[in-house]
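Below are the structure tokens for one structure; questions will follow.
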Amino acid sequence: MKKTDYKDMWVYIEHDGQTAADVGLELLCEVRKLCDTTGDRLFAVILGNLPETETGKIINCGADGIIRVKGTGYGYFNTDAWSNAFTVLCRKYNPSAVFVGGTINGRDFAPRFAVQLNTGCTSDAMELGYDPETGDIRFIEPAVGGKIMAVITVPELRPQIATIRPGTFKYAPCGARGEISVIEEEISFDPGAVRCRRLDYFPDESDPELDIANADCIVCVGNGLKDQEHLERYRTLAKLLGGKIGCTRPLYERGILPYKLQIGQSGVMVKTKLYISFGVSGAVNHTAGVDADVFVAVDKNPDAQIFNFCDYGIVGDMDEICDEMIAQLRARKGQ
Amino acid sequence: MLNILVCVKQIPDIDLVRMDPETGNLVREGVPTLTNPLDLNALEAAVRVKERYGGHITLITMGPPMAESTLRECLAVGGDEAVLISGRPFGGADTLSTSYSIVKAAEMLGNFDLIFCGKESMDGATGQMASQLAERFNASQISCCSKIEEISGGKIRALRTLEKGTELVEADLPCLLTVEKDNFFGRLPNLEAYLASKKAEIRVLTENTIDGLEMEKIGVPGSGTIVPEIYAPKLPEPGQIIKTGSVKTDVGRLMSLLVEKGSV
Amino acid sequence: MASYNRITAEVAAQLRAAVGEGRFFLNEEVDPNYSHDEMPIYGKYMPDAAVDVESTEEVSAIMKICAANRIPVTCRGAGTGLVGGCVPLAGGLVLCTKRMNRILEYDMDNLVVRLQPGVLLKDLAADAQKHGLMYPPDPGEKTATVGGNISTNAGGMRAVKYGVTRDYVLALTVVLADGRIVELGKSVCKTSSGYSLLHLMIGSEGTLGIITEMTLKLIPSPQYDVSCLVPFRTVEACIKAVPKIKLAKLDPQSIEFMDADIVTSSAAFTGNPIFPERVKNEDVGASILVTFTGYDEEELDQKMIRLGEIAKEADALDVLVVSTAATKKSAWAARSGFLTAIEAETKLIDEMDVVVPVDRIPVFLIYIRMLGEENGIRIRNFGHAGDGNLHIYCCSNDLEEDDFKRRVKIIMDKAYTKCAELEGQVSGEHSIGHAKMQYLRESVGEDVFELMRQIKSVFDPDCILNPGKVCDLSLSGRPA
């Protein structure tokens, strides 16, 4: 195969039939910049019905074109129809790269059609680069628990496939391009051939305490926490600050807080005004998930990496400092 | 009786892996190994299926000879036989080529109704193996399964955990599943099984003994991705460390700063 | 009745001058947590002042000031006690050792370590491990200070094989009530040199002196360890197996007991169901966790095989193996979280830590459950089956505090009487504090109790060290 035969970059637009998920738009915005470097065109790929009104948003993110796939088999997400559609499309149009949002379903089907196409697939890149000599995208991601950054490339095969977590890149539309090409494709998948069928769906009851992505203030507790018993003061502090509590991966692994409160690349990406971490070491997988106006770090280890990410840091016993914050906040409120 | 395959991986304790600042290589010597925790949840799901419906569990892994200890650990918990794919040519593989090697080896072991995998490994953490194995096994796929409701008539009914809800699905066998860790907490092995696992025979398959293996599809040549470069994360300059002499005054100083910034 | 002076501005200034900047706290500057330990049910008492000491010399200077002014001094470590031992009943000064947290030196030839009292148990354990050594005493509360462990002669899980804190203390530096500094004991393995004031000091709960430096004995760290969880249908069957295991020369490091209730509480709290509630389709009534350590893996396998035979004879449901790093971590997290799990699900809590001869554990547990039912109090318990030390918690979520206390008093009175009948002791490892003084008096009898009081008056004639604790009646009349 010749790599130069493969042109254009695609972004898959995940949607629920009504609105496009944020992750697809975030990827469009970021891949637009990459395409500006490589000279590729940027296409959004939509499977099934998405209202026209949403197309405006997609175009506004700088897409050069839209590929709309119609046909049977797209009533609900299923790996079989989805991976088939991408395989058929890629064989027909030979894109250089396909970006898929790293949602549960995105991570489910993208590696699958990578096998069908016999090509390389990367996951969870945090940064995209380009090597003009080889024409390869450099997918840069934290590895080994965030101790190193690894550059991953797909040196010989095409398309280059990547799943990227929601919230990794910013939604910052650059505005519409002049001319938009719209391609309509009919790729039907026999619903009877779908091997994993949705019978029912039960939405979660929403619990505001578990919805931290856009909380005004987040008190994040890390592995420095001694045990469950010491957790209560951090809830108290969060409440006093009008914020919510979150945690790092080890705390979820220890069973102390639920997965939905895990902040970081493999959990929730948060955008907040004030972020205060207690006993968080500062692995990049975690800090990558934090977008804070003001970042405060508290840890007993003066060399902890977290202090590289903070605006203000205090070195000391996390419980003691939390208690003091509570006391002083109460005193202020009392005034 | 269901024929079940469980794919497991031995990983280094990543907390103890470090990068050699001189060479830029990862130092794994002397780092203890463990069984990838999420694989044990997958194994637990398989053992529960076996208890309920009857079945035979084959464990498979790819790795150096010492990966045997992971297979023994899994045998003790509920595996019936174990296979290790080992050999230098398999080294350096990404998920594209690893999934190929595992499926080629598994084809020699029979036809599987169910295949269980961990959601991802702690070290590589790509989360791609399950989907790629499912594709190569030509199997249906239920990722993030939180409960298996029923297996009958060549079908499996199960719940999947999604971001904002739960999906009830029905899939045709053969089916590959990954499971949620909270719903499949791994059990302890009993003593007899533990002692037996120490003496159990582990079948080793190499590049020479796997039928029909195409050498250009395994190891590095079969990989779609490479890692041309690793480096230590570039850290921003440290923030302002408040150090006034006592906790009380440190916190006091912080509070005034936060008030100034309008954060409090 | 003892009478004490308040801390005047002048005395405060002296105390402030005796320590460095920022380590003396007066009135509202004092951390409110200093008014209680982990059992606030026994009452909260704020001190007038607190001081974070950093050296023996500072402690000595403080004691001289307090002795001269008759200011009561209560020594405090991490505040993880369970009998109100570090609570300043008479107000005065709390002397906190948490900043004396340095491990001073290892003597690798004699396998001893010298350290300050504020070092946390978990930090000592981790640091010793780095030297290939182990500090055998292993109380459940890892965030306790080692000084506190010595003051209470803490026991812990490994007592079955290795003994208790007392067995590992070689020497102490102690500041007496009047500020004199004395050295008790020496870094030697044997001694036959007069009354052992060292052993009198161990377990004296800060009533005879303030420990400011310790020399402890360590052992080479065992290379292998493995645990077996043995579930039974009933508590009786479970406990009956314990003496059999002890007699089988398996030399377990610990034999821990857990009943179905505590396992359920713990699983709900930690989300970690490592200890099964059902085995082979039967409900588990109680389990023991037996831990073996050694220097040879094969030897441990043989011990487990023998344990398996005993378990079978004793009608155990199964024998489960905790051998991997991951399962050990889970089992450990669950076991050490028992108390926290109880606290988390309970508003009102009181406890006892009796020790009875091992064979009498079931009799006692059945009795205490009956008392709980009679009095409408939920009972939770777990403990060290291998040495007969039981941790029993009286819990309630819906009673008023006064009503709860009244009912618990009935239970405690009867339970301690029963304990005496069974030839047990008031406390296995949590000590007396002020909460258990009356029960100690009843248990040891007037003659022995009087001897204890006389010893106290020799060390502390003005009764300024931790007043109202262990055997000191000088505060009688105050609410306790």
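Remarks
Lettered A, B and C in written order, each chain numbered from 1.
Note that a residue touches a chain if its C-beta (ideal position, glycine included) is under 8 Å from a C-beta of that chain, and two chains touch if they have at least 3 such contacts.
Just so it is clear, the structure is predicted and the values come from calculations on it, not from any experiment.
Among the other chains, A has the CA centre that is most remote from the centre of subunit C. For the criterion of most C-beta pairs in contact, the winning chain pair is A-B.
The mean-CA centres of subunit A and subunit B are about 21 angstrom from one another, to the nearest whole unit. Computed centre separation for the pair subunit B/subunit C is 41 angstrom, with centres defined by C-alpha atoms. The geometric centre of subunit A is 48 Å away from that of subunit C, both derived from CA atoms.
The set of subunit B residues that touch two or more partner chains comprises 37, 182. Residue positions of subunit C touching 2 or more other chains: 271-272.
Subunit A meets subunit C in the complex at residues 226-229, 254-255, 323.
Chain contact summary for the complex, subunit C toward subunit A: residues 31, 33, 143, 269-272, 333, 337, 340, 343-344. Of all residues in subunit B, only 14-15, 17-19, 26, 37, 94-96, 99, 122-129, 131-132, 134-136, 139-144, 157, 160-172, 175, 182, 223-243, 247-248, 250-252, 254-255, 257-258, 261, 263-264 touch subunit A in the complex they form.
By the touch rule above, subunit A contacts subunit B in their complex via residues 79-80, 83, 103-105, 107-112, 114-116, 118-124, 142-157, 195-204, 217, 241, 253, 259, 266, 273-274, 284, 293-297, 302, 305, 307-317, 320-321, 324-325, 328-329, 332. In the complex of the two chains, the subunit C residues touching subunit B come out as 21-22, 228-229, 271-274, 276, 301, 304-305, 307-308, 318-327.
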